[in-house]
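Chain IDs A, B, C and D follow the sequence of writing; residue 1 opens each chain.
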Amino acid sequence: MNDTPVERLGWLGTGAMGSVMAAALLKGGADLLVWNRTAAKAAPLAGQGATVVGSIADLTEASVVFVMVSTSADLLAVTTGENGLLSGPRRPEVIVDCSTVSAEASAEVREAAAAAGVGFLAAPISGNPHMVADGKSAIVASGPRETFDRVAPWLGTISPTVVHAGPDEQSRLVKICHNLLLGMITQALAEVTILAEKGGVAPEAFVDFINGSVLGSTFIRHKGRAMVERDYTPTFNNKMLRKDFDLGLGAARSLEVPMPVSAMVHQLVQTAIGHGFAERDYAALYEVEAKAAGLRDN
Amino acid sequence: MNDTPVERLGWLGTGAMGSVMAAALLKGGADLLVWNRTAAKAAPLAGQGATVVGSIADLTEASVVFVMVSTSADLLAVTTGENGLLSGPRRPEVIVDCSTVSAEASAEVREAAAAAGVGFLAAPISGNPHMVADGKSAIVASGPRETFDRVAPWLGTISPTVVHAGPDEQSRLVKICHNLLLGMITQALAEVTILAEKGGVAPEAFVDFINGSVLGSTFIRHKGRAMVERDYTPTFNNKMLRKDFDLGLGAARSLEVPMPVSAMVHQLVQTAIGHGFAERDYAALYEVEAKAAGLRDN
Amino acid sequence: MNDTPVERLGWLGTGAMGSVMAAALLKGGADLLVWNRTAAKAAPLAGQGATVVGSIADLTEASVVFVMVSTSADLLAVTTGENGLLSGPRRPEVIVDCSTVSAEASAEVREAAAAAGVGFLAAPISGNPHMVADGKSAIVASGPRETFDRVAPWLGTISPTVVHAGPDEQSRLVKICHNLLLGMITQALAEVTILAEKGGVAPEAFVDFINGSVLGSTFIRHKGRAMVERDYTPTFNNKMLRKDFDLGLGAARSLEVPMPVSAMVHQLVQTAIGHGFAERDYAALYEVEAKAAGLRDN
Amino acid sequence: MNDTPVERLGWLGTGAMGSVMAAALLKGGADLLVWNRTAAKAAPLAGQGATVVGSIADLTEASVVFVMVSTSADLLAVTTGENGLLSGPRRPEVIVDCSTVSAEASAEVREAAAAAGVGFLAAPISGNPHMVADGKSAIVASGPRETFDRVAPWLGTISPTVVHAGPDEQSRLVKICHNLLLGMITQALAEVTILAEKGGVAPEAFVDFINGSVLGSTFIRHKGRAMVERDYTPTFNNKMLRKDFDLGLGAARSLEVPMPVSAMVHQLVQTAIGHGFAERDYAALYEVEAKAAGLRDN
């Protein structure tokens, strides 16, 4: 980032994820203003060079404000809401939303920002705080190309992978596609692990081999371990995954794309719910597969 | 490998893959005898410290002989055949077969070895020569536990991942399971990439994001690039993949394991063949998906 | 119908289907008032003993009025609309809607009828006019049990099969389930007919055998003939069938019922659309199957 | 059959099915010789005009001999075996095998018959004895066209539907295709019946409507009743159906025909077996579907 001039940036939302992302901007050389509803959570960033401010309005001194909040409602509140980023006389040039929100909320904020002369980039991130800290996350952004180019160097201080998906809400679609893959790969892994198991191979050995092979990925490592330990403590439960498949297959229907394997896995997730795993992690697809193979008591 | 005593080993088969694996054993400290049908191909290993011998019989001076040949017939010829490893009065303690051969051929050699008082380990490797050289391959072995323990340190000089799958032909089943995963993940990737594409996302951007995410793997990087470039130059063609699905679903039928997604992908590979992609790389599942989505001329 | 007292009934809508149904009521002994927007179409029924009336209001002299119109909008117009059955001071006791309309429109009319003290029965019919004339149709009705019992004898003069599906809009769900079956059986028939064909069996001979077997049905006879003749003149096109699958899988999702084969056929209908058969009869699933089997030029 | 000259025919095998078929030939005007291993079972046919003979050799006085036995081994025994139809100096012109045997056994007998100058027709029948008696069965035959034409009038006295499928073993393939349809339609019916049931429709009412509709068939009537009564007393159990799917998908693989729905149902039958229904009627697919929908205790 040597050739990036020192720029005053803003960060709104310093939960676990927001904090580690903001820290990356600081390491990347930013002059950073931060705000959080619960101010105490922003304090550690001060130790890393950030300036904690007292109101959202104070963030508008920055040219670019990044937002990382929990829900669609939160995003609307801190942007279009009373005392939001777009409510006062002074505004940032660009708002970059890194939260995972609905395409509808995203489009609503984008429109309000445009009306206020503010650029908007939807830039959800894939990964958890540990992965961001380890430089293993990825960001997919959508919005006007020039807005993307404007902030891409800063996003690059957070994630080694930053891609531009399109001019409006494409990044939301990409995130859903990503989650369809999570479900499909989990079912695929469940099928072959049970096959190997019934053929006499210890699941641990099988999963270790897959992880060491060309197929190895952070995801397979995590999901494989959950299967081996039959630990279905939810990181993301079957109802949540079903929701993403509802969205993904809805998009596929609108765009007229047949998705045979996605549709099949959607039904298998529903089957897992019917078998009592609604609130369990979707690694429980492994358990449903095991029952179907006659491996567990039904 | 500091505490592994210098042991005389043998290597049979120095094609592209065998050569790089033998080189790893040399780097690991082995005193290595090598033999190849075409002697010229064994010569470079001499420069790395190996002793090139003139006959298979000469390899039996070694305690452990590794075999890396192309086909089931080759494996039978160099072991149970006339002048094979098991044909003379002197024999190695253990034969380790790293080739990818049928479970039937493997069982036949295992039986003949046992009758001759020789241990046998089926130890296929996942990866290509470049990946082995970069320390990114994986080995799955099956055979008696003590035989595995006997040679595991040497296998560890070749691959960072070495697992024991079971007492007899389980490593062959694991390799097939691995290949079922290759097919399923490719179809899954084809579906979501086309969905994203029809939704306005450039395939390159989409695949880059997936590779940067938790799902990123060597395999997805390679297959994703083939899709983006619509380059179906075969690394493994649809007929070969269909063969592995035939074997995998045959094993699943014998073991009574329902495999809904595997069965579906088997039919989609057949569909790709029906659409003229028999001899093309199975990344062409992407092309069939595109046609089904109305994206290409039919 | 010997013990059914002569009752004054009303019939609204005398298109091809309505006419043959009204004629069945007349044959069953009804004293029938009929009305149609285009009066000329009602005239033939006068020759069979009906009394043609000049306004919808005249129909309210009848105790039970049957409605057979084309669309949800038509149903709303002739019931809740200005000059509709529910608009004046005199009303029938029961309205029986035999049209195929949306569950939403049905519920709206049901509610308006209830508010006006009028019973409502949703009673869609399966079959075409020829089949109704031949006594081969079926009616599925939903509404309060006593309303059903009140009119079931009259419905029995139209169709040999009259069933009560539930207290409100269940008959609409049943009709959608029926249509899911149409799609699934067509795909199933396409798969086996192509298999037989590639095995050397003439499609005509194959379909004739199936029709003569325990599986034979009016539907398979019609769809089988379309496949044999490769005649995809639409009776119901792929977009219409996709619509019903949208509704059926939507209902399945709401009710949390996994439908693996239905979901698969939904995707195959989408594939047929992607291959250019959107406006063709869904018997064209046979054509897509043939292409996938390499039997037609791609 | 007025213009068919009285011809001497032979019948071998008078179990429940053979007896009713032989009776149809007698009614059709045949001069019939009958033989059965247990002679007592042939006696009732004598009362209907048949001549019971004492040995298989006696049947060779007939020009055409029909065979209806239980297994492939039985067929081989009574034809190519010692004292079989092909063993003596006198032979019939044509042997018509109506049994359900393997394509291999069929081909073996066909070859032996050809070597002996005897025509052979493989002519399995669909239906049970009651259906044959009621004139509701169907016969699919394969063998040389002229052999078929030679005996078709007689087959027509047994079944209203008699089709010629091809010159050799095609009738066996057709029978398997028929059985694939049985499985697919049963799964389809299970899905929609559970959907209707969860939507508040009594399964009886639903199945009655389907039976009265264009989809109604003898098969759906029987299978629908089994589902409604949750009576899985086997007529054909899941292991038998899986066997036919093994054969059907094996044929599809050899002929290179993708069968997505067939493949899916194959896996669902395997799932039913995994859930404990191996020896139950395949109507139990309904039970597995119900469990997946959360309708039964798991």
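Everything below uses one rule, namely that a residue touches a chain if its C-beta (ideal position, glycine included) is under 8 Å from a C-beta of that chain, and two chains touch if they have at least 3 such contacts.
Owing to the predicted nature of the structure, the values given are computational and were not obtained by experimental measurement.
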{"item": "Chain labels contacting chain A and also chain D", "value": "B, C"}
{"item": "Chain A on chain B, rotation in degrees - Cα superposition, rounded to nearest 5", "value": "180"}
{"item": "Interface residue overlap between copies chain B and chain D, same or different (over half shared)", "value": "same"}
{"item": "Most remote chain, CA-based centroid, reference being chain D", "value": "A"}
{"item": "Interchain centroid distance [CA atoms averaged], chain A/chain B, Å", "value": "35"}
{"item": "Computed distance of Cα centres, chain C from chain A, in Å", "value": "46"}
{"item": "Centroid distance [mean C-alpha coordinates] between chain C and chain B, Å", "value": "57"}
{"item": "Residue list for chain D, restricted to those that touch at least two other chains", "value": "256-260, 264, 268, 270-271, 273-274, 292-294"}
{"item": "Residue numbers on chain D that touch chain A, as the complex places them", "value": "260, 264, 270-271, 273-276, 291-295, 298"}
{"item": "Interface residues, chain C side, partner chain A - complex", "value": "246, 253, 256-260, 263-264, 266-268, 270-271, 273-274"}
{"item": "Complex interface listing, chain C residues touching chain D", "value": "126-127, 131, 136-138, 140, 159-161, 163-167, 170, 173-174, 177-178, 180-182, 184-185, 187-189, 191-196, 198-202, 205-206, 208-220, 222, 248, 251-252, 255-262, 264-265, 268, 289, 292-294"}
